[in-house]
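Quick one: the structure is below, and I'll ask about it shortly.
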Amino acid sequence: MKILDADKLPDLAAVLAAAGYRVVAPVRDGAQVRMAEWKPGLAIDAGPIPANSVKEFLFPRCEVIARYSLDGDSFAPQPAPVDAPKTAVLAVRPCDAAAMVALDKVFNWEYRDDAWNARREATTLVALVCAAADDECFCTSVGGAPDARLGADAVLRCADGASKFILEALGEKGQALLAAAAGVLADGDARPDPPASVPVRFDSKAVTDWCGENFESPLWRDLGLACLGCGSCAYACPVCHCFDIQDEGTRSEAVRLRNWDTCGLALFTQHSGGHNPRPDQAARWRQRVMHKFRYFVERFGGLACTGCGRCARLCPARLAISQVCREIDEARKAAAK
Amino acid sequence: MTIAIYQSAMMNIVLARDEAPDVRTLRLQFADEADRVRFFQKYRVGMFGLYGVPGAGESAFCVASPPTRTGYVECTFRRTGRVTAAIRDREVGQAVTFRGPYGNSFPIESWKGRAIVFIAGGIGLPPIRSVIWNVLDRPGDFGPVTIVYGARTVADLVYKDELADWGARPDVKLVTAVDPGGETPDWKGQVGFVPFVLDHAAPPGAGAVALVCGPPIMIKFTLPVLLKLGFAPKDVYTTLENRMKCGVGQCGRCNVGSTYVCRDGPVFTLDQLRHMPAADM
Amino acid sequence: MSTSEAIRADAARLLAEGRAKLVIGYRARGPHRAPAFVSDPAGVDVLIYDNLCKQNLAVYLRKPEVRSRGPVAVVAPPAVMRSLVVLAAESQLTEATVLAVGPDAYHGVLDLAGAAALLKEKYADLAPSPELLEALAKLDAMSPQERARFWTDQFAKCTRCYACRAACPLCYCARCIVEKNVPQWISTAAAQHGNFAWQIIRAFHQAGRCTLCGACEAACPQGIPLMLLNLALSEEVAKQFGEKPGYDPAAKPVIGSWKPDDDQGFVR
C-alpha cells in the first residue's frame, strides 16, 4: 500500500513537477479553493470542493483551432498546434472524473476531436475520495458516489483519521504517476477513512421519464422567472461542453477560436435574421434540464450531470438543478398515486 | 498536431452573381485537387458546408450545386451579419475557407420513377436547387417535376435565369409567385403566398415526393396543404437551418431535442419533425 | 409581528387588491435564500426576510417575463431601493411598489417617492464594509506595476459568463457592447486582452451609477473582487462631483450631464 502523509500533497506535486508533469491541484485563492496549475510554494487545500471543475484543463475556455496569416485580401493557413502538456491532476473529485468520461463520448461520437483526445491522453486524473460533502452535493442521485472510480487513473483516499492518504493506481497512467512519485510515497498500512455520506435526493430515471412527457410544463416558466440568464452554471459544470467558434485577428494574422458558450445565454440560438427558437429563459432552462437528463441519455446512454452541485453553489439566484429534479420526482410520484 | 476536424480547404471564387438584394451566389473551386476529390466522394444533395473568411468567421449554408457537376461548389447566401458580409465582400479571384460536406442528404435514389414537387420560398430555393439540378441532370430516372417558388417581391426571386430555363423545359412544371404587393407591372407569374399558390397548382400527392424549404411561417402553412393534396408525411422533406458553429456534432448549438441538426439533419421528413420538440426549431 | 410575517401580510393585501400582480421577494431553499415570485395571495407563505437575503431583486424588473405580469411589488432592502431610484432617474421605470425592509425595521409598502424619502432619512450613510475599505486602501498603496499584476491575475480567472452583468439591476442594455460584433469591439475569448476590456468597460459603465450593492461580486463564480473596482470609481465620482447615486429619482446622471463648475483639470 502506498502511503503519503496528509500534509505532503505539495511534496507529491513537487516530485511530479520535477518528473515533467504540469500539476493541477486545488489551491486557495481568496475566499475560494480552485483547481489551478500548481507552482512551488503553493499550499494544496484538498478539503473544500473546488469552485471550478477540472474541465478547463482538458477543454480550455478558449483555444485556437485554426490560424491564418493575412496579406491584404489574401490569406494562408498556418500551423495551429494543439497544446497538450503531460498533466497530473491531483485531488480531482470523483464527480469531475466521471464527467470526463461523459465528455469523451461527445468529442468522439462521430468526428474525433484531436485536441480533446490528446489532452485526455496526456492527463492523469488522481481522484480524491470525498471525505465530506455539502448540501448541494448529489452524486448519488445521478449514478455516482463519493468514492466512485469512473474516469480516474489513480485514487487518493484519506486514512487514519485524515492523517494520511492512500494512493492507489487504477491503470497504466496511474502506475506511471506512482512510479514518478515513488520518492515521496512510503510503503505501509493505513485504515481508510469512510467516504462522505451523500443522501439520494431524487430518482434520475423518473426525471428522464418525466422530461419525455413534459416539454410543455409550468415548471419551465417558474424557473425562467428566477433565472438571470448568465453562464455561471454551465461554465462551472464539468459536463457542459457547448462552444462557440469566433474569428479574431489583426491586419497580419487571424485566429479561429473555440470559446465556451452556453444554452443559458440569449444569443446562443439567435439566428442572424432575428428569429430565436429559444426566446426566453424558460425555454433555456428547459433545454438545460432536458439536455442533461433526457437528450444526453437518448444520445449517449448516460446523464450529462454528475452531481457536483457547482451550478447551485454558484448560481446568483441560488437555483439548484437537484431541487428541480427532486420536485419533478415528487410530482411524478404524487401523480402516480 | 492540429485539430483535423477544423482544418478548412482553400477555395477560389471563380464566379460571383447577385441574385437579389443582399443575396449572392459564389462559384468556388478547390485550390487543392485532393480536397476536390475528397469532397465529391462524400457530397450528396442536401449536405452543407462551413464557408469562412479568416478574421471574420465561418457561416453554415447549403451546397447549392449538384454532385453531378464535379468541377465546383456553389453557394447562395444572404448578407445578414459579420461573416456573410465578409464573404460577400470577397471578389472573383480571391479565396474563402471551406469545410464539409456535412450532414445527411435527400434520399433521392429512393425516389426513382416518382413525381417530385419542389416548394420553396425566398432564400429557401438554394438548398433544393441542388436537388432540382441533380434530378434534371439524370433524365429518365425520375417522374414529372413540379416547382412552386415564391418570394416577397419580384426582386427577391433568386436564380432568375434558371427559373426562365426551368419554365421553358417540357419536363418541368414551374409555378412562380410573389406576395401580394410584390409584383411589378410586367410580372407574368402568380400573386399570392406559397401555400395558397400550391393549393391552386394542386400537384397530385399520392405516391409523390415533396421538398419544402423556406421561412418557418411558410413551412408551417404549407405542410397542411401537402397533406390535403395526399402527400404522405414520410414523403415530405424539408431542411432545417438552425444556427451552427462546428458542423461536427459537438458545439451543441443546433440541437433540437436529442437531434443534432448538423449530423442527423439538416434533411428531415415531416414524419420525423412530428417527433421533435417543435418549439426548439 | 416579525418582518417576514409583515411582508406576507402586505404582499397578500397588494395581490388581493390588485395593486400588484406579482410580488418578488425571498424564500428559503435549505440554508440558502432564493428569489420568490408570488402571484396568488394564498402563496405568500413562502416569503421570508432575514439577514441572509442578499440578492438584489431589482434586477428582475428588466426581465420581459416579469414586466409582462403587470404591476410588480418588490421586497426591498435599502440596496434594492437605491437601485430602483437609479432606474427611475435613468427613465427605466416611472413608479415602483416596494415592501421596504431595513436591517433594523420593516417600513411597510412605499412608492418610489416614499422609498427615496426613507433612504434619505434613514439610510443616507450606508458605508462600505471595513474589509472592503481596507482592501481598497491596500490596492491604492501598491505601485502601478503591482496593481497591474493584481488585476492581471484576477481578470485571468474571468470565464466571460457575464454573471456580473446578469446580476446587476443597472446592466439593462438590450444588447451589451460585448455582444456587438460589427465591428467586434471586444475580444470574445476568455483571455487576457478581452477580459481586461470587458472588466474595465463593465466598471466604467457603472461609474456614477453603481450603488455598491455587491450583486456583481456575489454573482461572480470565479471570485473576482469586482467591488474594489466599483468602490474605487464610486469614490472618484463622489470626490469629483459630490454625487451619490440612488437617492434622488430626478437626479441627472453624473456621466451623462454637465455643469459649468465641473472640474476640467483633466483637459490639457
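A, B and C are the chain letters, set down in written order, and residue numbers restart from 1 in every chain.
Heads up, the rule we're going with is that a residue touches a chain if its C-beta (ideal position, glycine included) is under 8 Å from a C-beta of that chain, and two chains touch if they have at least 3 such contacts.
In this text the structure is predicted, and so the values were computed from the model without any measurement.
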Common contacts of chain A and chain B, by label, are C
The larger set of C-beta contacts, choosing between B-C and A-C, lies at A-C
Note: chain B sits from chain A at a C-alpha centroid distance in Å of 39
Taking each chain's centre as the mean of its CA atoms, chain A sits from chain C at a distance in Å of 31
Expressed in whole Å, how far the mean CA point of chain B lies from that of chain C is 48
Contacts with two or more other chains occur in chain A at residues 244, 246, 248
Where chain B touches two or more other chains at once, the residues are 81
Listed in rising order, chain C residues that touch 2 or more other chains are 184
Contacts from chain A onto chain B in the complex sit at residues 65-66, 68, 70, 73-75, 77, 79-82, 84, 106-107, 109-115, 118, 215-216, 241-249, 254, 256, 258, 261, 263, 268-273, 275, 277-278, 283, 287, 290-291, 294-296, 298-299
In the complex, the residues of chain B that touch chain A are 1-8, 10, 52-58, 80-81, 83-84, 90-91, 94-95, 97, 216, 241-243, 245-246, 248-253, 255-258, 263, 277, 279-281
Interface with chain B, chain C side, in the complex: residues 181-182, 184
Interface with chain A, chain C side, in the complex: residues 29-35, 37, 55, 59-60, 63-66, 157, 159-163, 165-167, 179, 184, 187-191, 215, 218-219, 221-223, 225
Listed in rising order, chain A residues that touch chain C in their complex are 29-32, 34, 51-52, 61-62, 135, 221-222, 224-226, 228-232, 234-236, 244, 246, 248, 257, 259-260, 262, 265, 267, 280-282, 314, 316-320, 323
